[in-house]
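There are structures below to look over.
One chain, chain A, appears in both complexes that follow, with chain B as partner in the first and chain C in the second.
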Partner chain A sequence: MSEPTSEILTFQVGTRIYATEVYDVRRIGHGTEAGLTHVSRSCLGQPLASGRGLVVTGTDEMEQALDVDRVLGIQSVPGSSIQPLPAFAAQCLGSAAVVGLVVLDESPTPLIDIPTLIREQLEISAAPREKRIPDA
Partner chain B sequence: MPESKTASAKAKRPASRAQSRSQSGAQRGAQRARAGAGLAQITAALRALSEGRYDTRLDPSKFGDAALRGLATEVNAAAERSHADLADAAARVDAVTQGVDEAIEAMVRLVVKGDLTGELRLGISDAALTPLVAGVGQVMETLKSFVHEIREAALQLSTSSAEVLAAATQNETSTTQQASAIHETTATMEELKGASHQIAENAQMVASIAEQTLASGRQGEGSIKSFMESMEKVRKNAVEVDDAISKLSRRVERIGTVVEVIDEIADRSDLLALNAALEGAKAGEAGRGFSIVAAEMRRLAENVMESTKEIKNLITEIREATHAAKQASDGNKRMAGEGEKLGSAAMGSVTGILSGIQETSDAARVIHLATQQQRTATEQVVQSMSEIEEVTRQAQAGSRQATGAAAELAKLAERLASLIQRFRVE
Partner chain C sequence: MAGPEEPQFSEFTERTPAKPPAEAWYFCLKLLGGRYGFDAPLVTEVVRLGLLTRLPAAPLFLPGVFTHRGEVLAVLDINQLMGQQGVPIRPDTRAAIIHCGQWKVAVIAEAVEGLVAIPTRTLQPPPAENAGVAEFLSAVGNDGKSTIAILDLPRVVEAARARSVPA
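Our next item is the complex of A and B:
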């Protein structure tokens, strides 16, 4: 009986590589696509070129996009490759968007909950300045 | 006296012969014979007197004829008288001679002593010598006058000879200095001759160099013309290159636009492929094939984007190269324009230089001719100076001789003055 797999989308912000589950991404658009709420700056860093936008569906069914430099691809990984974030580490992080680590090519890659990340970032942007959480 | 005896004998011989011829007539004949003999004696006596034999005398007693006796007596008286007159004349001659000797001796004595201050005092009382005394006095006065004049002349001669000596000495000095100056001048002219020769050679060299420079300048003028033609070609080529670069730039821009379109298409393809892969992944096992196709599409799109990226890089390089070529072409045009300007300026300068060189060449030629004439003239001057030096040398010798002669003349003048000083006239 084969091991269940997960479909993982990998993307790059700056020089760092992150991963997310394909089901969190509605579609992939341009980084400069109009009619979307773009989040460029986040705890993942700031893209250099904003070539792509990972579009998700917001709470009000409006599309929101996390600007990234590149979408590296989509690959199937074994379920065992995805590990939840340790509780201590989760407590240490200021964001709930980092949900675990996925091992890609023997390298642990942060697994990002993009809708959560966008929501947090939009909340931070809407909050008064003194209450903003510093960048990761 | 032999003559008287002879005359008597001669008188006796006719009488003897008359006695032998005729006795009667002998008487008259004897008388005539005696008379003839007496006349012959008288004639002989007169002949002797006429011949200067003033001591001839007749014995009147021996003349029988009274007339002859008287004649003989008169002859004797005339002889005596003549003898006495001659004695008186001789005495007077002696007296005059003595007076003359005395006068001459006195005059000689005065002359020898040189004392002409006094008058000549002679003890001559003979009236006949009065003119002589007067003449001697006049001679003495004339001598005094001569001595006086000679003294003055000697003094003037001495002064003049001293002046002549001084002038001759000065002349000799001047001649010597002149000879020295002429010698130095001749030496200088010899040096000048050498210098003129050198100058003539240098002038010829300058003329030759000026000719060569003129030829080189004309070659330079031709080179500048060629250069300007080349610059014109370069400028035209630069314009053509500029046009070609502009065309190339437009083509490249066009290619860039096409590449941008391709890149845009590839990007969209990539995006489509990503979304297809995303949907395929979401579809699970059912979308596996779709995902594979999408992945292949994405790979192609990425290849295209890589290619377009390379093309963009190439276009960027081509743009940079085109820009550099444009700048180079502009620089070439600008440099060609400046080259033409510089060529024109150089042409103007070379034209001026050629004109100057031409004038220099003409001037050098004129200088060359002038220096040749100068050399010839200098040689003539040197020749003339040599002749002048020779003449001056002769003049110097003549001046020395003149100085010597003047010195001798001065000595003679002094000696003449010394001699004439012996004569005191005052």
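Our next item is the complex of A and C:
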């Protein structure tokens, strides 16, 4: 019996690579696409150029986009490649959007829940300046 | 009729306190520019850091994670936790994998010495300071080469975790 697989979308922000579950992303748009709420700066860093936007559905059913430099592709990975964060790391991170790790080519890649990331970032942006937490 | 023979030796052994061992074994790392030891059984192995993956929204003392024998491990930089400059991360940087209760972390160090024996007669209470690393010391000893500060490592790890949890 074959092992269950997951569809993973990998993307790049700055020099770092991240992954997300494909089903979280409604479509891939342009970083400058009008009519969307764009989040450029987050704990993932800031894109060097607004190349692409990973468009997701926000809590109010409106489309929101996380701007990224590049979408690297979609790949099918065995379920065993997706691992939870080490318990200690899970306790220490300042964002609930880092939901695990995907081991790609023996290298752990952070697995990001993009709707949560956008929601957190919008909350931080809306908060009074003194309550903002610094970006990683 | 003679009573049961008195076990004289057992009385002696019961009333005499056990002689403390002449030396205690600690696992020694170079951290914060000095020598720090902690309970040796906490260490399961020493490894070279693999390719480190940085995690978003991680505190400075958690420089990343890496895979070791198929397991993803978090890295703890005690230098950063104590507000000092972090341990430089290079291909030859080594880490001691430790188990502290439910936490398993790889503690990176400027250098790994390994096991050292410290004569128990040299062990002294730590300095009465309540700041920085002094807060986490359980003793200070000397192995004949130089001073070794004994860290209460489980308390260090727990402090790191507690420091990260939002109030």
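By our rule, the second predicted complex is superposed on the first by the 136 of 136 C-alpha atoms of A that agree within 3 Å, B and C clash if a C-alpha of one lies under 4 Å from a C-alpha of the other, contacts with A are read in each partner's own complex, and residues count from 1 in each chain.
The criterion applied here is as follows: contacts are C-beta pairs under 8 Å (C-beta built on N, C-alpha and C of every residue); 3 or more make two chains touch, one makes a residue touch a chain.
Computed from a predicted model, the values in this text were never measured in an experiment.
Enquirer: Would you check which partner chain A:V56 touches, where first means chain B only, second means chain C only, and both and neither mean what they say?
Expert: Once the two structures are laid over each other on A, A:V56 reaches no partner at all.
Enquirer: After superposition on the shared chain, which partner residues are touched by A:C92: those of chain B (first), chain C (second), both, or neither?
Expert: second
Enquirer: Classify the contacts of A:I124 with the two partner chains as first (chain B alone), second (chain C alone), both, or neither.
Expert: After superposing on A, A:I124 lies clear of both chain B and chain C.
Enquirer: Of the partners chain B and chain C, which touch A:L101 in the superposed model: first, second, both, neither?
Expert: After superposition on chain A, A:L101 lies in contact with chain C alone.
Enquirer: By the touch definition at the top of the document, which applies to A:L9: first (chain B), second (chain C), both, or neither?
Expert: A:L9 sits against chain B, while chain C stays out of touch.
Enquirer: Chain B or chain C: which reaches more residues on chain A?
Expert: C
Enquirer: Looking at the overlay, what does A:V71 touch: chain B (first), chain C (second), both, or neither?
Expert: It touches chain B, and chain C stays clear.
Enquirer: Pick one for A:V39: touches chain B only (first), chain C only (second), both, or neither.
Expert: The answer is neither, since A:V39 touches no partner chain.
Enquirer: Starting from the residues of chain A touching chain B, keep only those that also touch chain C in the other complex, and list them.
Expert: No residue of chain A touches both chain B and chain C.
Enquirer: Applying the document's contact rule, which stretches of chain B touch chain A when the two form their complex?
Expert: So the residues of chain B in touch with chain A come to 271, 274-275, 277-278, 280-282, 291, 295, 298.
Enquirer: In the complex of these two chains, what residues of chain C are touching chain A?
Expert: 51, 53-59, 61-62, 65-67, 72-74, 76, 102-105, 157, 160-161, 164-166
Enquirer: Mind pulling up the chain A residues that touch chain C in the complex?
Expert: The touching residues are 16, 18, 42-45, 83, 85-89, 91-95, 97-98, 101, 103, 106-110, 112, 136.
Enquirer: If you look only at chain A, which of its residues touch chain B in the complex?
Expert: Residues 7, 9, 22-23, 25, 27-30, 52, 71, 73-74, 76 of chain A touch chain B in their complex.
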